[in-house]
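For reference, the structure I am asking about is given below.
Read from first to last, the chains carry the letters A, B and C; within each, the first residue is number 1.
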Amino acid sequence: MKPEGLVLINNEGLRTDGRTLNDLRKTEIILGYLKHANGSVYYKQGNTKIVAAVFGPSEAHPRHLALPDRAILRVRYHMAPFSVEERKSPAPTRREVELSMVIRNALEPIVISELFPRTLIDIFIEVIQADGGTRGAGVTAAALALADAGIPLRSLVAACAAGKVDGKVVLDLNDLEDKYGEADMPVAYLPTLNKISLLQMDGKMKVEEFKEALSIAINGCMKLYQAQVGAIRNKYTLEDQG
Amino acid sequence: MSITPEKPIISKIMKDNMAKLLEENKRLDGRSLTQYRDISFATDVIQKAEGSAQVNIGHTKVLVGVKMGTGAPFPDTPNQGVLTVNAELLPLASPTFEPGPPDERAIALARYVDRSVRESEAIDLESLVVVPGKLVHIVYIDVYVLDYDGNLIDASVLAAVKALETTKFKKVIRENDQTKFSDELVPLPLKERPVSVTTAVVDNKLIVDPDLIEEQAAETLITFTFTEAQDIVAVMKNDQGFISPEQVLEALKISIEKARELANKMGWWEGG
Amino acid sequence: MSRKTAGRLVVPGEVIVTGNYRAGANTVKISSSVIATRTGLLRMSGNVVSVVALRGFYTPQVGDRVIGVIEDLEGNGWKVDINAPYPAFLPASEIFGRRFDPLRHNLFEKLPLGSVVYAKVRAFDRTQNTLLTLKGPGMGRIEEGILAYITPQKIPRLIGKSGSMIALVKQFTNTKLIVGENGRVVVVSRDKASEERVLAAIKKIDEEAHISGLTERVIEVLRGEA
């Protein structure tokens, strides 16, 4: 229930954090953030902060989980107890169980898993601060961690949420907007293949609003993809560093 | 943690048959691409539950029981009753369902049914308050999957709404500082009857209401839930695989029409 | 269709070229486009497009010389960690010969857990584990040295053209290097100072293999000037 007097979009079309309707929050990407993971990233989008790590491919244990013709992915999306306003118990919630599955489904199609039968690839997504859009940020971060680990990918994938807030279609909802807005729609998109690998909507939208939101979400994903590519390129800059 | 599940092996000859038929816009069981299987339903099947319904779509059978309870409201919604949805993929429904607590598929199914009912504001939760901030009615929706032959979501949403529609319970009232159950049975106040439509992407074709083998062969699945006024209240791409933005919009277009058909079949949205 | 300049950095999923090209190492063909599957430097050879990966892990090939660590004992041999997605197996006969007798011969004593071996990949396919052999020059148990790691894709740079880089290491620091194609390197130095310089040089090659002028920078490190 929206608190009395909470204005999410003011008369000038500015949101609670000063953004316009179509603004993506600023991202910060640090590749190879952890020493022991095979691939890792520290990913920040606005105030949402995520550490993602990839281990593998390694021998699948227990054996009965291994698939004969491809690698299996094991994805854990988890929120730290201190990541949210009201401390969250460390035990996995039903939401984390569903989101782990939804994120895995978003990442499965980008990994060329047929190259490594009977192995396991671990993908860990830890939300250390949650300010809306955590499953999208988790997907974007995980793709970077997979690339950092040198796992062969047929594409990168970037994700963000569009939604409806104070009656208007907006991009990249923060926590307040997600809680008190009318609809939230996370989308994961592969710009090089023009495909969607994650799509959910929760709330109430008219058909035309849904179409508009889908379109701006895809544009948001394309911008995030540019940030991913930029981060990888910057890490391996070809200038002689003397 | 979510782990890649074992994908059932479909025999090559069945896969090839499916592909050949799809080229001519036909399916293995003779349906058209946008045709639902036979749908039948029964209500008040469980007398001990306040509400119940079973919906069969083809061989898929889902039984939903609604129980009414009382308790404290959630702290951030002191003026609303509580809605909670649980789903069980019973081991007897499929060789792929193991006994044990709900796994990720059961949890995802329950949460999708919950979103469909909650975001459509189907139940007038405010009318379920007894003492604001202290005592409210709780609506327990339990989705029991009895037989899995593809498309659990649509059967579950239809059964849940049908069960809610036929729920009768004794309200708790305050009389002279005491709370007691009233004597008469009243229906649950239902404002909306949401309907979901699931589409599979198989060999780049969109097919509605996939049966088990079509689900297994599918690239991916997508579900939309609508209200009578054609608001979309829930969407879920529900599998691995890709879908193009164009296919999403095409599936949406088909689903809007099919939702109306399904609703009419259940006796809803008529005269709309 | 303009040719893409070789040596360009590509990222996973990047469309390199479209048309009548073949997919080489670290690329995949989707529809008619050749797409990079790993971050690395582009190489074109005729119409074969490949990527020299800057990030990756080791996948065994028959004939590879690898440095392994004994991690388990099995009835008739040892399970060896070769830093690959699949474990490797070293048959007992490689040490004891054809007359291996589990009653008389003690696997545990000959190669206890944690022993380091220099071995060769005799057979590999993805349906069963890698088979190792010790038949080859210098192969067998490695008794001393420091175990270092470098991204396997950078091993050719560590070896250098016709062994030129390894020769430089020996020239400037009198250190012996045992190089495994699985990314493991054993460094045997006479003194701590040389050892540190060699480890620093290996790290530099790992981090800067794609930046021109590497050889000069490595020499500086080996000389102790960096």
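Rule of thumb we're sticking to: a contact is a pair of C-beta atoms (placed from the backbone, for glycine too) under 8 Å apart; a residue touches a chain by one contact, two chains touch by 3 or more.
Since the structure is predicted, the reported quantities are computational estimates derived from the model, not experimental observations.
Counting C-beta pairs in contact across A-C and across A-B gives the higher total for A-B.
With centres taken as mean CA coordinates, the chain nearest to the overall protein centre is A. Averaging Cα coordinates per chain places chain B and chain C 53 Å apart.
In terms of their C-alpha centroids, the spacing between chain A and chain C amounts to 33 Å.
Averaging C-alpha coordinates per chain places the centre of chain A 27 Å away from that of chain B.
Residue positions of chain A touching 2 or more other chains, listed in rising order: 190, 193. Residue ranges on chain B touching chain A, taken from their complex, read 1-4, 6-7, 76-77, 79-80, 104-105, 107-108, 110-111, 115, 119-120, 222, 227, 230-245, 248-249, 252, 256.
Interface of chain C with chain A (complex): residues 9, 11-15, 26, 28, 30, 35, 37-39, 53-57, 85-87, 126-127, 151, 153, 208, 210-213. Across the interface of their complex, chain C is touched by residues 38-39, 56-59, 68, 71, 110, 112, 116-119, 146-150, 152-156, 190, 192-193, 228-229, 232-233, 236, 238-241 of chain A. The part of chain A that touches chain B in the complex is made up of residues 1, 65, 67, 70, 72-76, 94-95, 97-98, 100-105, 108-109, 113, 185, 189-190, 193-207, 210-211, 214, 218.
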